[in-house]
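One chain, chain A, appears in both complexes that follow, with chain B as partner in the first and chain C in the second.
Our next item is the complex of A and B:
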């Protein structure tokens, strides 16, 4: 693997952590968030400040995770007040608020961002191994949550909040849990990004980033762990493999996002499920003949 | 004097927000869709207005044609993009709309170039002195046309058969259908009016800064969403008041807290604070 492939793989793994975090909130628990990049940014900036202050790598990432998770918990409290479309707009507002604050703070580098962040000191391959391990851990964690009792409760909240409340699911607590876990994952991704990019700009964490992550979740099939991972890999690599696309990258993203919602709202996961069903049905039909 | 000037600047911006947001709130009231791509139509309106004005040197012609064409685009957008997914969960339409908006912005960038276009002879640039406050005639024109357009809209909805049919459909689509109202036609009309208004706002914005650029729809779109949420989603009067209020809050906010929050962040901070106090918006919808 050359340096180019290694850094590409690192970006894919970071995006997987980020997307699985949003999948926890929007996929499992049904709370649409249009401000996920803000938590990614909180994690990244926290880690960057910690690195600059001389803290070692596990601590900085943990700090990013905790600060993003706490911020997520606060935004989660908002999800107890407002619902559906109101919540989507509120989270979008949180994204703009984060950007507005970062841009005006000298401490956070303002428009110029933070540069000169030291590397993790593990070498490119070593760092990829760490990021890959954390991404795998996030995938396992997501699958475990999905199959746990909490996963069922999330499902109930996503399906119909009021009915869930009637059958004594503590809707508020589960929403908060989803926000805290999902945004903490974004914080980890942010911390890892800090060491990878070694240079942070406010615009890295803007609305477009939030939408990019959302498109990974939506194209993969909202709520499906494997679908989201597949979509993240495809959407991250697509502009790299088709160089001619790179100028049209956002156009392709936008069109794809629209097309998937318009023609296959269940995404790759729904598509795979349909294909599998069709195959098995055909097989059974063949056997009976 | 500073206060008065800020207030007037705020109301000017607010009247522009109002013209954009009314279209958005009309769509939400009828279909429960957060129509993000509305801002794409707004930018399209700006481009068409500028191109036609440059070609024919007539601003009224440019504005009128732009409004009609964008209105028709709005109807097509409803037919091709929204109608087939109306029975899906609301996030489907929201995400589709965001995708559509991003794609539109990119098409503008690829077709018209990333740096934007300007008027050859920018119309309405003269200064008007009003009680010691200097305003540009484009600003005055924008406020006046906002008043006229919203006045016509109010008249239409209160006094004409079409308006009554429209209000009935918003209230209860099933019952209005049983009274013989063609609710599908009402939806088309809704998209036409909303999109045409957005186009007019787009032309005025392009006059104010003498620039149309691919990303011009970005900030107004997010802000218009904030406004219709503030106004209590789907409530037209609420939307108008919220637009003016937001314009004024921004004008004062940039002066007094501009050092740690930029203009957009102030708007959204205001939105979040209000929503935490009144989750249903300032003026509760139906």
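Our next item is the complex of A and C:
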């Protein structure tokens, strides 16, 4: 693997952690968020400040995770009273609020961002291995949650909040849990991005990033762990292979998001399921004939 | 014997409209109470106030001597109030069986961290299957709830409520939309459940079934309680007849 491939693979793994985090909130628990990039940014900036202050790598990433998770919990608390479109607007507002604050803080480098962040000191391959391991861990964690009783309760909240309450689900607590876990994962992704990019700019964590992550989750098939991973790989690599997409990112991802919502709400996971079903049905038909 | 559920002075206003005005009633343990009244009388609103889905402007609700007036819906449900919806609301992403299994696992997801740690659903699915058998829809257990006929969906609501192992079963028009055979069968099932000791409050329009199964009637009209007593006596009550029959004869005349 050349340097270019290694850095691409690292970005893919970071995006997988980021997307699986949003999948926890939007996919499992059914709460739309258009401000996921803000928590990615909180993790990244926290880690960057910690690195600059001389803390070693596990601590910086953990600090990024905790600060993003706590911020997620606070935003979650504030969002408990709003649903659907209103939640989308509220979370979008959080995203812009984050950018607005970061741009004004000298401590965070303002418009110029933070540069001169030292590397993790693991070498490119070594760092990829670490990021890959954490991405795998995130996938396993997501699959576990999906199967657990927590995931079962999430299903109920995503389906119908009022009915969930009637069957004793503490809807507010479960939403908060989803927000905290999903945003903490975004914080981890942010921390890992800090060491990878070694240079942070406010725009890295703007609305376009939030929409990109949401596209990954929606194209993959909301709630499907493997679908989201597949879509993240495709959508991360696509702009690399088709350079012109980078210039029209928001347009392309917006169109993609619309197309998926309109024509294939179950995303890649839905396609895969249909194809599998068709294959097995054909096979059975072939056997009976 | 003390009342299992004591509802006192419930007033609900929606903007300028008073949907319920100082409604009080109580239910004794083991009783089968029917709540009747013309459309718009406030029956569903009363059930929603009792379960905490809407917050009444005044009034108290006591379950088993404990004041639950300020508790959120999920806590009231955990304390023993199980509600079925008039307009069926199954969890649409789940199978029929899992709709009930989720409710049967109410102790599993009580503590979030424990819920995170436990994966096994087999015991709850087994119990859920029993409830489906009880209401007679076990043959569609593994099908998706989407596309099930109303008769199945109505019975699913009852099974899901029973899976919560409640102290009181609150049924909001469980028979509406069923044909007479289905309605009689479900009414018999509910009567059987009541005979096994479960307290039931049922809102119902089907007066034939109401008179057949209930032990006591509470009648609402225009947000007020106008009668409370033995079914045969209540139905002879002139104000009840005026609320019901009077309006019906007007409709007939029109």
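To be clear about the criterion, the second predicted complex is superposed on the first by the 278 of 289 C-alpha atoms of A that agree within 3 Å, B and C clash if a C-alpha of one lies under 4 Å from a C-alpha of the other, contacts with A are read in each partner's own complex, and residues count from 1 in each chain.
Everything that follows uses one rule, which is that a contact is a pair of C-beta atoms (placed from the backbone, for glycine too) under 8 Å apart; a residue touches a chain by one contact, two chains touch by 3 or more.
All figures in this text were calculated on a predicted structure; none of them were measured in a lab.
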Name the contact category of A:145: first (chain B only), second (chain C only), both, or neither.
-> second
Contacts of A:121 with chain B and chain C, given as first, second, both or neither = neither
Which holds for A:255: it touches chain B only (first), chain C only (second), both, or neither?
-> first
In the superposed arrangement, does chain B or chain C reach more residues of chain A?
-> B
Counting only touches as set out at the top, which of chain B and chain C does A:160 meet: first, second, both, neither?
-> second
Across the two complexes, find the residues of chain A that touch chain B and also touch chain C.
-> none
Chain B contact footprint on chain A (complex, rising order) = 26, 32, 78, 81-86, 88-90, 92-94, 96-97, 99-101, 103-105, 207-208, 211, 214-215, 218, 222, 247-248, 250-251, 253-262, 265
Interfacial residue positions of chain C with respect to chain A in the complex = 51, 53, 72-75, 77-78, 82-83, 85, 89-94, 98, 102-103, 105-106, 108-110, 112, 114-119, 121, 160, 164
Which residues of chain B touch chain A in the complex?
-> 28, 32, 34, 81, 84-85, 88, 90-96, 98-107, 110, 218, 222, 225-226, 229, 233, 259-262, 264-269, 271-272, 275-276, 279-281
Residue set of chain A touching chain C in the complex reads 144-145, 147-150, 152-153, 155-156, 158-160, 162-171, 173-174, 177
